[in-house]
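Both of the next two complexes hold chain A, though its partner changes from chain B to chain C.
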Partner chain A sequence: MDILQLLIYGIVLGGVIALGAIGVSLTFGILGFANFSHGDLMSTGAYIALIFFTTLAWPLWIALPIAMIATAALALAIDRSLYRWFRTRQPVILLISSFGVALILRSLVQMIWGPDTITYQTGIQMPYRVAGLRIRPDQITILLCTIFLVLAVHLFLQRTKMGKAMRAMADNPNLARLSGIDTERVVLWTWVLGGGLAGAAGVFLGLDTRLHPEMGWTLLLPIFAAAILSGIGKPYGAIVGGLVIGIVQEMSTLVIAAAYKPAIAFAILVVMLIVRPTGLFSGRSTV
Partner chain B sequence: MELAGLLTYGIFFLTLVGIYGLLALGLNVQWGYAGMLNIGVAAFFTVGAYTSAIITTAESSGHLGGFGLPFPVGLASAMALSGILALGVGLITLRLRSDYLAIASIGIAEIVRLTLKNEGWLTGGVRGMAGIPRPLAGLIPGYDATLYLLLVLAFVAAVYWANERAWRSPWGRVLRAIRENEAAARAMGKNSLLFRLQAFVLGAVVMGLAGALYAHFVRFISPEAFNPLFATFLIWVMLIAGGSGNNRGALLGAFVIWIVWSATEIFVTRLPEDLVTRAGALRVLLIGILLQVILLARPQGILPERPPRPERHE
Partner chain C sequence: MSLLSMEKVTGGYGEADILHDVTLRVEAGEIVVIVGPNGAGKSTAMKAIFGLLKLRSGQIRFDGQDITNWKPDRVVRRGICFVPQTDNVFPTLTVQENLEMGAFVRNDDIRPAMERVFELFPPLREKRRQAAGTLSGGQRQMVAMGRALMLDPKLLLLDEPTAGLSPIFIDQIFQIVKQVNATGIGILMVEQNAKQALAIANRGYVMAQGANRHEGTGQELLADREVAEMFLGG
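Presenting the complex of A and B:
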C-alpha cells in the first residue's frame, strides 16, 4: 500500500522533472550547453504565477498560461542580452554564464518575495481517497496539465515545420545548418518552448509543495539526471527519464533517510555515466 | 585606536584574500590549465575544513573525534581526503565532455552539504564544530592574527610557485594541449585522461588545504558558514575576473573581487532595517551581474593568459 502511495507521489514529481528535463534536453541538444539557470527559471515562473494566482486570486487556468508566457519571454530576453553573444565562443562560456544567471534570478526572486517559504493557497486540501490511496486535487491538476503539455509538445515537434527543424538541429546541428534551416529562429523557439515548460514546471512544483527561492535549484540535479538518463538532446526520452527519477526518488524513502532524497538522482546519474553514457535512448555522444 | 582597528581589519581581510587566493589557484589548475569545469569547489573546501577540524580539535561528544592531533597532521589529512574525493569524481566524469563534470560536481557539492547537515555524529550537524585550535597562537603574545596571516601567505607563495613551475613544465604544456585540442594531444601519445585526473586531483588538494586554513582561521565551522553554491560562484568570478590560466591573475582576482564583495557589505549595512534581510540577495545579484559584464567585455580577465616563451636554442 505504501509503495502504491509513493508511486503516485513519484509520478507527480516525475511529471514536474520531465517538463524541466524537456527544456534542458532541447537547449543541450540545440545550443550545446548544459543550462544551469533552468532550475531558477522554474522558480521565477512559480513566483510570477504567485502574483496572479494568489495576490490577484485569478483562477489557475489563467495564471498558469501567463506564468508560462512570462517565463518564456524571460528566457528569450536572457538569450538576447547574454547568451547570444557567447554562442560563437566556446560552449563552456555559456555554461558559466548560465551559472551566473541562475544566481541572478534567484537573488531577484529573494529580493522581491523574500527568503521564506510561501504557499499558493493557505488551508488544508482534503485529499481524495481511492482504494485507500490519497491524492490531492492539486496533484490531479498537475498530472492532467502535465499530460496535456507533453501532448502539445509532442504535436509541436511532430506536426509543425518548426518542430521538425528543432529535432533536426538536436540530432545534428551541422547537417541542419547545411540543409538551410534558419538556426536563429530555431534558437528562438527553443527558448520559448523550454522557458514556457520551465514556467509550468515551476508552478506545478509550487502547487505540489511550497514556493522557496531555492526550489528550482534543488530540482536541477534530478532534471539533469533525467535528461542524461534518457540521452541528452532527446526530448521524448526526457519524459521517461523524468518519471524514472521522480518515482525512484520517492521510493527511495522506503530504504534511506528522506533527507538524502536529492542524492538519489545523483546516484542514478553516476551509474548511468559509468554504464551507458549515451543514455537509454542513445542520445548525443557524451565524450 | 582607529588605526589599530584598521590594522586588525586589514589582517583579517588579507587572511581571507589569501584563503580565497588559494582556492582560485586550485581552480586555475583545473579550469585555467586543463579546461575542466568544477562547479563543486565548495565540496572540496568543506571536506578540507571539516577534516582538519576533526583531526585537530580536542575530544568532543558533539562530533567524530576530535583527535587532538597537531595542525600539520590536520592539514595533510584535509589535503589527502579532498584529493581522494576528487579522484573518485574524476575517474567517473573526466572521460566525458566537460558539461558532465560540471553536473556531477554540483551533485558532489550537494551530497557533501546534505552529509554535513544530517550526520551529526560526524560533523556536529547544524550545531557545527567549535574550538578549532589556531596554530602559532601564543608564540608572540598579541600577534596571533599576524602570525597566522604570514602562515597563510607562505602557503599562497608556495602554491603560486608550484603552479608557475607546473605552467612552464612539460606537464603544463600537455594540459594546455589537451585543453585546446584533445584529439591532437592523444594523437601525440598523451594519455589525456591521466593528465586531466592529475590536474583535477592536484587542484582539489589545494582547495582542501584552503578549507583547512579557513577552519583554523575562523575556529568555528557549521553548515551555515558554508553557503556552498555561493562560495563556488565567488571563486569562479575571482578567477575569470583576474584571468583564467594566469596565476598572478587568479591572486589579483581574489583580491579585487574580495574588495568588491566587502564593499557591497558596507553599502548593504547602511540600508534601512527592513531591507537588510533581502540585502544579501542584492550582493549576490551585483556579483552575478559583474560576472556577465566581465564575460561580455573582457573574457580574458584583467591579466590574460600568457603561454611561456619558448626557450631559445642558439
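Presenting the complex of A and C:
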C-alpha cells in the first residue's frame, strides 16, 4: 500500500516537474541554451498567485490563469530586454545571463514577500481516503490541472501552425529559417508557453507544499534531470521525464531517508549524461 | 532579363572572402549546374543568393529586383527556395508537417500545393503521417524538395541533392529534378556527380577557388577536354 501511496505523491510531484521541464526543453530546443532562471520564474509565478489567491481571496481558477499570464509576460519581458541581445552570441553567454536573471528574480521575491515560508491557505486539509490511499483535495486539483495543461500543450504543438513551427525549429533551426518560418515569432511563443507553464508549475508546487523564495531554484535540478532524461529539446520527452523523476524521487523514500530525495534526481542526471547523453528516446545531442 | 543573376559577387562568412567576383545567371525555366572541386565555393555561391553570407561587393538580382543581402525569409517570399545538402528535413515532424512548414509564409489554402507534391513524389503520399527522420535517403530528399516546392517558387536551389545516395537513387533524383523543371521552375544545382548533372543541364559553370573558371552549355563542358581532365575525373 505504501508503494501505491508514494506513486500518487510521485505523480503529483512529477506533474509539477513535467510542467517545468517542458519549458526548459523548449527553450533549449528552440533558443539553444539551458535556462537557469526557469526555476525562479516558477517561484515568481507562485508568489504572483499569492496576491490574488490569498491576499485578495479570489478563487484558484481565476488566480491561476492570472499568475500564468503574468509569468509568461515576465518571461517575454526578460527576453526582449536581455536575452534577445545575446541570441547571436555563444550559448554560454545566454546561460550565464540566465543565471543572473535567476538571482535577480529570487532577490525580488525576497524583497517583496520576505524570506519566510508562506502558505496559500492556513489550516489543515483533510485528505480523502480511497481504498486506503490518502489524497488531499489540493493534490486532486493539481493533477487535474496538470492533465488539462499537458493536453492543451499537446494540442497546441500538434494542431496549430505555430506549434508545428516550434517543433520544426527545435528539430532544425537552420532549416526553419530557410523555410521562411518567422523565427522571432516562434521565440516569442516559446517564452509565452514556457513562462505560462512555469507559472502554473510554481502555483502547484506552492499548493502541494509551501511558498519559499528558493522553492523554484530547489526544483531546478529535478527539472533539468527530467528534460535530459528524455533527450533535451523534446517537449514530449520532458513530460515522461518529469513523471519518471517525480515517481522515482518519492519511491526512493522507501529505501533511503527523504532528505536525500533531490540527490536521486542528481544521480539520475549524472548516470544519464554518462550512459546516454542523447536521452532515453535518443533525441538530438546537447551542445 | 535573366531570372537570376549574380554580378561580380565577393564575400564570405566572416573576415576572409570565399567568393571572388563570381558571376552567374539562370534564365527562366533553365537547369543550371555548378561543378568544381571540393572547397571551390560552389555551395557558398548558393548561400550568397539566399542571404546567408555577408557580401562585400557585387549584386544579386532576381526577377528584376535587387535582392543583395536580403534575409532568407524575404528571399523565400520572393520566390526562391533552397534545399540544403544535409539536415534538409525536420526529422521528428511527419512528412505532411514538413510540407506544411515549407508553406509557413502562406496563409491561403495549401492543399493544392501539397497535392502537386504528392503527384510529383507518389511515395510520400502513403508515408505522409510518418516522421521524416524514419524515411530512406531518397525519400528524405523527396521530402526536402517537396518542402521547397510548397511555395510554388520560380527558382529552386539544390545543394548536392545526390550526395550520399546509392546509384539507383541518384538516377531517380536527376529524373525528379527534370520533372520539377518541366513544371517551369528554374533550377540552380551544385553537384558532385558532375557528368550526370551536366547531361541534364542547359548550362553549367565550373568553379575553382571561389571564382568562375569555365562556362558553357552542359554538352560543351562535357566535351571540353580541359574541363573533363581537371574537374570531371578524366
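Rule of thumb we're sticking to: the second predicted complex is superposed on the first by the 286 of 287 C-alpha atoms of A that agree within 3 Å, B and C clash if a C-alpha of one lies under 4 Å from a C-alpha of the other, contacts with A are read in each partner's own complex, and residues count from 1 in each chain.
The criterion applied here is as follows: contacts are C-beta pairs under 8 Å (C-beta built on N, C-alpha and C of every residue); 3 or more make two chains touch, one makes a residue touch a chain.
The structure presented is a predicted model; accordingly, all values stated were derived computationally and were not measured.
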| item | value |
| --- | --- |
| Clash-or-fit label for the pair chain B, chain C on chain A | fit |
| Which of chain B and chain C A:A168 touches, first, second, both or neither | second |
| Touching partner for A:P262 - first (chain B), second (chain C), both, neither | first |
| Which of chain B and chain C A:D182 touches, first, second, both or neither | second |
| From chain A, separation angle of chain B and chain C (C-alpha centres, steps of 10 degrees) | 90 |
| First (chain B), second (chain C), both or neither touched by A:L108 | first |
| Chain B versus chain C as contact partner of A:F33, first or second or both or neither | first |
| Where chain B and chain C come nearest after superposition, their Cα distance in Å | 15 |
| Residues of chain A that touch chain C when the two form their complex | 161, 164-165, 167-168, 171-172, 174-182, 234 |
| Residue numbers on chain B that touch chain A, as the complex places them | 35, 37, 39, 92-93, 95-100, 102-104, 106-108, 110-111, 114, 117-118, 229-230, 233, 236-237, 240, 277-278, 280-282, 284-285, 287-289, 291-292, 295-296, 299 |
| Sites on chain A touched by chain B in the complex | 28, 33-34, 36, 82, 85-86, 89, 91-93, 95-97, 99-101, 103-104, 106-108, 110-111, 114-115, 213, 217, 220-221, 224, 228, 257, 259-260, 262-263, 265-266, 269-270, 273-274, 277, 286-287 |
| In the complex with chain A, residue positions of chain C that touch it | 50, 72-73, 76-77, 82, 84, 87-93, 97, 100-102, 104-105, 147, 151 |
